[in-house]
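Order of writing sets the chain letters: A, B, C and D. Residues in each chain are counted from 1.
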Amino acid sequence: MSIRVKFFASLREQVGQSEQEIMSKGVGTVSEVWAQLGEGELPADILCAINMDYAEHDSSVKDGDEVAFFPPVTGG
Amino acid sequence: MSIRVKFFASLREQVGQSEQEIMSKGVGTVSEVWAQLGEGELPADILCAINMDYAEHDSSVKDGDEVAFFPPVTGG
Amino acid sequence: MKIQLHPEPFNPWQELENHQRQQLRNQQGEFGATASFVGTMRDFNEGDQVSAMTLEYYPGMTEKQLEKIAETAYQRWELIEVFIQHRVGEIKPGQPIVLVAVWSSHRGNAFDACRFIMEELKHRAPFWKKEDLDGQSRWVESNTDGY
Amino acid sequence: MKIQLHPEPFNPWQELENHQRQQLRNQQGEFGATASFVGTMRDFNEGDQVSAMTLEYYPGMTEKQLEKIAETAYQRWELIEVFIQHRVGEIKPGQPIVLVAVWSSHRGNAFDACRFIMEELKHRAPFWKKEDLDGQSRWVESNTDGY
């Protein structure tokens, strides 16, 4: 299956890219998507979204989803 | 002593004038100023001011004061 | 602090913008939050169509009480500026009646102070509304609670 | 409801006035209360002088989350209109960052909803601030509480 992964703000700088496509079997949750990236443990304070809606680290992903990782938001 | 008395809004219409000068001895409080006007009892919900500051019905007045009577305010 | 009564229609957003540009010119970068409220005349009140309204006030006392309200707000919260504008005279539906704007470093203070000033103004500033209904008129008896 | 992101400086009061004139033309006399909030960039944060700031966002998700916040406000209070404007990109001190404006029949609803939307926006809308200090830059870690 194919998942588009996006990174924002300080996490984008840390990971060194703003997006990446992962092609893999056996990627069932957001945490498992992160694990594929080879960036170590997913920090507890990192927020995530699936298809532009907030999700949890253990939320399920499916083929074609867009998964985003980012630090706490600071707008307004 | 001389007191300038002002009336506003529905009370002004009821009294039939917007201001009046009263010259009298023995006018010690706002209620006594009202009593001089011959308009009956001072209604409990009528607000009053002395020299443009809110006052009570039993507040003291002195020579030269401006005393105002008006209904509850409805601005904004 | 600026407090002003308008006998003619006024544009609240324009007034606010002008005030900020003119009076807060040297405080650019200092205020992070501006909370404001505009009250506009409605054409409906207590179940009746209202065609116009006259706002009576007490020249001198009205301004004095508005200043006192603003001063109380300055004492209770850290504020950079308070700006109050109020219409008087004959008003038509859709026309602005009141503008309260508060500048502060932080949004909590700006929101709290703006709302406080509006409630105090409603309950303590000497203004009285007389509504024109179809062929008759009536004094508004009391203000509603804003919470 | 109107939600808009501005890559260039915008004038919040002008936007608000235009929106009311254009979109609420047929509701003149219906709304009695407009509560609004403008957030402006300060030149000082956490004890440091800030010379500029870059606001990053998540195109698509940012707009979607702002819409959700506005929809929640419409469900919780009787509102006539919600208007949200937010800057993105490079911002200088003194420039507006955000405008939230809410029109309602009554002031309590307008005040409550405006503040609710601001707090939700601060905590849920995907924006990230990076501040330029003297010769270096840093990501803002978290937003302050607004109450």
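Worth a mention:
The working rule: contacts are C-beta pairs under 8 Å (C-beta built on N, C-alpha and C of every residue); 3 or more make two chains touch, one makes a residue touch a chain.
The shown structure was predicted, so the numbers you read here are calculated from the model rather than taken from an experiment.
Chain centres were defined as the mean of their Cα atoms; on that basis the chain farthest from chain C turns out to be A. The distance from the centre of chain A to the centre of chain D, with each centre set as the mean of the Cα atoms, comes to 27 Å. With centres taken as mean Cα positions, chain D sits 22 Å from chain C. Averaged Cα coordinates give chain A a centre that lies 48 Å from the centre of chain C. Annotation for chain A: no residues touch two or more other chains. Multi-chain contact residues, meaning those touching two or more other chains, occur in chain D at positions 39, 118. Taken pair by pair, the chains that touch are A-D, B-C, C-D. Contact residues on chain C toward chain D in their complex (touch as defined above): 11, 13-14, 16-17, 28-44, 93-94, 105-108, 110-111, 114-115, 118, 144-147. Chain D meets chain A in the complex at residues 39, 55-58, 60-61, 64-65, 86, 97-98, 118, 121-130, 139-143. Within the complex formed with chain D, the chain A residues making contact are 6, 8-10, 12, 49, 52-54, 68, 70-76.
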